[in-house]
Amino acid sequence: MDLATGVAAILTLAVFSFLYRDNPAYKVAESLLIGLSIGYFLVITWNNSLMSLLFKPLFGDGRLSLVIPLGLGLLMFGRFHSKTVVLSRLPIAVLIGAGAGAAIPAMLGARTMAQMSATVQPLWSESNSFNLSGLIVLIGVICTLAYFYFSREHQGGLGRAAKVGTWFLMIFFGTTFGFTVMSRMSTLIGRVEFLLVDFLHLTN
Amino acid sequence: MRRRLPQIVCGLMGILLLILYFSGHPIARSLNLLVLVEYYQIIFAFTLLLGAVSFVKVNLKGIERREDRPYRVVALLALVLMPVLALIWGIKGDSPFMWVFDNIQVPMQSTVFALLAFFVASASFRGFRARSVAAGVLLVSALLALLSRSDLGGFIANHVSPLAEWLRDYPSMSARRAILIGIGLGSLTTSVRVILGIERTWLGGWK
Amino acid sequence: MREIGGLKAIEEAIGRATEMARPLLFTPGWGGDIQRPTTIASMNILSQVAETTARYDCPLIYPTHDPVIMSVAQEVIRESYVRAGYPDRVREDNIMYVSSSQFGYAAAVDGLIARNRPASVFLLGTFEAESLILAETGNSIGAIQIAGTDSTIQLAFFIVACDYTLIGEELFAASGYLSGDQSILSSVRAQDIIKILIAVILVIATIWATIDPNSTWWKYQ
Amino acid sequence: MKPTSRHLCFLGLAVVVVVAMLVDYRPALTPSDDTRGMFDYIDSLPQGSLLLVSFDHEASSLPEVRPLALVFLRHAFARNHRLIGIALLAEGTGVGCGLMNQVAKEYGKEYGRDYVYLGFKPQYVAAILSMGESIRQTFPEDYTGRAWESLPMLEGIRNYGDLAGVISITDGSMVMHWVEYGNGRFGVTIAAFVAAAMVTTYDPYLGSGQMRAMVGGLRGAAEYELLIGRVGSGARSMLAQTSMHLYVLLLIVIGNVVYFRNRRSRGGT
């Protein structure tokens, strides 16, 4: 067994030990993981963003306009002093504003309108049969929207629609749960495979 | 002024990006690119630096106060290790940086993820109770989905799986669609509120 | 306006932490950034929660994966403590950045829950796979847990593992109810009106498409 | 600390998965419509088509994502498509680089001519939108710092308009952003290989045609392996997968039996 497998196996077991209870082995693994992952992010961000988008063009090619984002970025560090904390709101404002502006058309078009449009289907298909699934989708969408109607108490017709909406929601949650279990088990299979095959050589 | 200026900047950025979205003019397109690449990406990169620095600060203080000292030392050493390795040997496929990533970070992360499988088991045992009609519907559709994704052949493959597929393709999809529409509307109004300066939570406080 | 069940649960959860004089843990999940509406709604609720923890001097722990969210949360919490009249009770170090990596974050929050044993855990924001890791760990130490998210996959897990779950838009509405902010409440009403419109358009368009299968006016793009 | 019912649930699962993994059994599968749809899409593109493949996942989900990425890369290289690799989540970066090099070697593909790897950009929405304007300005150099000009395959590529499509390999919500910003704003074709957990999330996009095709989970990977005629790690774990499903199912049933028995013995509602 090589060093890499040994190290990985010990750390794998240390993390699994949390299932019994919190313990020093888990705490070491946790601290190591947090530290390494922040370090990894730093390196990747430095290489792929700061170097390639900022420092190389600014100092290499002399693109002086980049001084502005550089300055805005540095203002983030105003957070470390109570007097300069307000400065850090400026770069945050750029991030939030730009994000909100870009979100509006996407939310309106790709999300709301496209999904509405896909809900509309002829209920009588060309082969002269009734389109039950299409009707169910329509009912499902409308009743679920009724569940998310807040302005009035859920009574009467609205109440009934909202109740049906809850059932549709529950079908969705249940189905999703089934698929998600599949995903989660795959991850565990991956780790067990590593322990049994690479570490213990019990099977191949 | 402490709040007004950021608020104005935020509103202007929002309106700018909104207009740029719809314009096909070359100047608008290059302006769009400028904001997205230079401003957005670079500022965000700095925020990650900020996160790392504040993580170091919090942990140094903890070490001073002798709280969880050994663990904090491990975390800080690990944080420093990655940039040092990258600086000396680079980040190519066979570098020590990638070795640590592949053999220490990835296995630990995958294992934390794999804990989920166990938590799915305990939550299924404890939480999936048919307390009401709605909970019953949740339970039954979960059971059907689980069965349909298992290779049991026979009755399940012929009857349960088609039913589960139908549930997924129509009722389940329609609920997800309504949630998408609802959240789309919510996101839309929040974005408009942020740009107009009505939503100011991000400046601290809601009033 | 209709009652949202989660609101009472939120108040109870705060009350329980202050009564037991145990910490309260609040985290916005790994999936969102600051401009995401769920994050903003979560901040609104945080502001309310912080005001109460300030009054009872109950520790508030706020781990996050995003430095910008951390910065904003510090402002929101400080502001709330000032409003409650106890600016000196803020513990800034409890509002912390704990790695942007999904399971680095999950491992860190798990550790915080296991070691600080909070009486109440608030999982409000955008969650991905880490949701159930956090919720089950919270459950194992007997915390009351309030979850709320627009991440549809995680809702199934929250419903199963938490004491109360705000589903999707309920989170936005709850932030309006709790803060009593009229502008949020009016936008909730405005969205409701749009929902009615959407339902009406869907019905009309479906009937139209059924009668005239060649029509296209309702098609997007 | 005394063991609880929770610990018993854990232990049971551990036993089930270990036993199932030690048994070597590969079930017969038939590809689902979803999987076939993706296969046909990739297969129907003219040879040499240019695809952008985005590794939008964390390192933690590798056991599920890796088989998915492999079947796609193998199929694409077998069809002689040209690939541009990127990552929108930092941890996918190293993984994507490794996988592309590995499969390229299997098929004798040359870096810079048949495929390139541009690496990572943070802030995915901004990255998706800016690539619609200019991929080159978003990624001025490749992952290892080589200039754009030194990579002949990239000559003349401006934005999504020059691509046949975008393939996202993801364990999370990235496809949503690809659809809403990439397809919504620039009309680029999106197809995705996703973790099983995400399948129901993306169903509405498949239904509305905003997304071209989708393959989900280890099972999807196993089906795809059949279609391209290379059985790999997807099929191997199907027995463990099935046993664990049944175990969870059993726990749910037992949980309910206990619940209803307690309820009846208390005589209450």
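Going in written order, the chains are labelled A, B, C and D, and every chain counts its residues from 1.
FYI, a residue touches a chain if its C-beta (ideal position, glycine included) is under 8 Å from a C-beta of that chain, and two chains touch if they have at least 3 such contacts.
Computed from a predicted model, the values in this text were never measured in an experiment.
Of all chains in the assembly, those touching chain B and also chain C are A, D. For the interfaces C-D and A-D, the C-beta contact count is higher for A-D.
Rounded to a whole number, the gap between the C-alpha centres of chain C and chain D is 28 angstrom. Inter-chain centre distance (chain A to chain C, centres taken as mean C-alpha positions): 15 Å.
Chain B has its Cα centroid 3 Å from the Cα centroid of chain A.
Chain A has residues 15, 18-19, 21, 27, 29-30, 33-34, 36-38, 40-41, 44-45, 47, 49, 53, 76, 79, 92, 95-96, 98-100, 102-103, 105, 107, 109, 111-112, 114-119, 138, 141-142, 145, 148, 169, 172-177, 179-182, 184-185, 187-188, 190-191 in contact with two or more other chains.
Shared contact sites, meaning residues of chain D that touch two or more other chains, fall at 6, 10, 13, 17, 58, 60-63, 90-91, 121-123, 126, 129, 171, 185, 196-201, 204, 207, 219, 241, 244-245, 248.
Among the residues of chain B, those touching two or more other chains are numbered 21, 36-37, 40-41, 44-45, 47-48, 50-52, 54-55, 91, 101-102, 105, 108-110, 112-113, 115-118, 120, 122, 124, 126-128, 138-139, 142-143, 146, 149, 168-169, 172-173, 176-177, 179-183, 185, 187, 190-191, 194, 202-203.
The touch graph of the protein chains shown is complete.
Considering their complex, residues 1-4, 33-35, 67-68, 71-72, 74-75, 98-101, 103-104, 107-108, 110-111, 114-115, 129, 152-153, 155-157, 159-160, 167-170, 173, 188-189, 192, 195-196, 198-199, 201-203, 205-206, 209-210, 213, 218-221 of chain C touch chain A.
Residue ranges of chain C in contact with chain B, taken from their complex: 34-37, 40-41, 43-44, 47, 66-68, 70-72, 75-76, 78-80, 83, 93, 96-104, 106-107, 110, 129, 132-133, 135-136, 139, 150, 152, 156-157, 159-161, 168-169, 172, 179, 181, 183, 187, 190-191, 194-195, 198. Listed in rising order, the residues of chain A touching chain C in the complex are 15, 18, 21-22, 26-27, 29-30, 33-34, 36-38, 40-41, 76, 79, 85, 88, 92, 95-96, 99-100, 103, 109, 112-114, 116-117, 119-124, 126, 134, 138, 141-142, 145-146, 148-154, 169, 172-174, 176-177, 180, 184. For chain A in complex with chain B, the touching residues are 4, 7-9, 11-12, 15-16, 18-19, 27-47, 49-50, 53-54, 65-66, 68-70, 72-74, 76-77, 79-80, 86, 89-105, 107-108, 111-112, 115-116, 118-119, 133, 136-145, 148, 165-182, 184-185, 187-188, 190-191, 194. Taken in their complex, chain C has these residues touching chain D: 31, 33, 100-103, 128-129, 140, 151-153.
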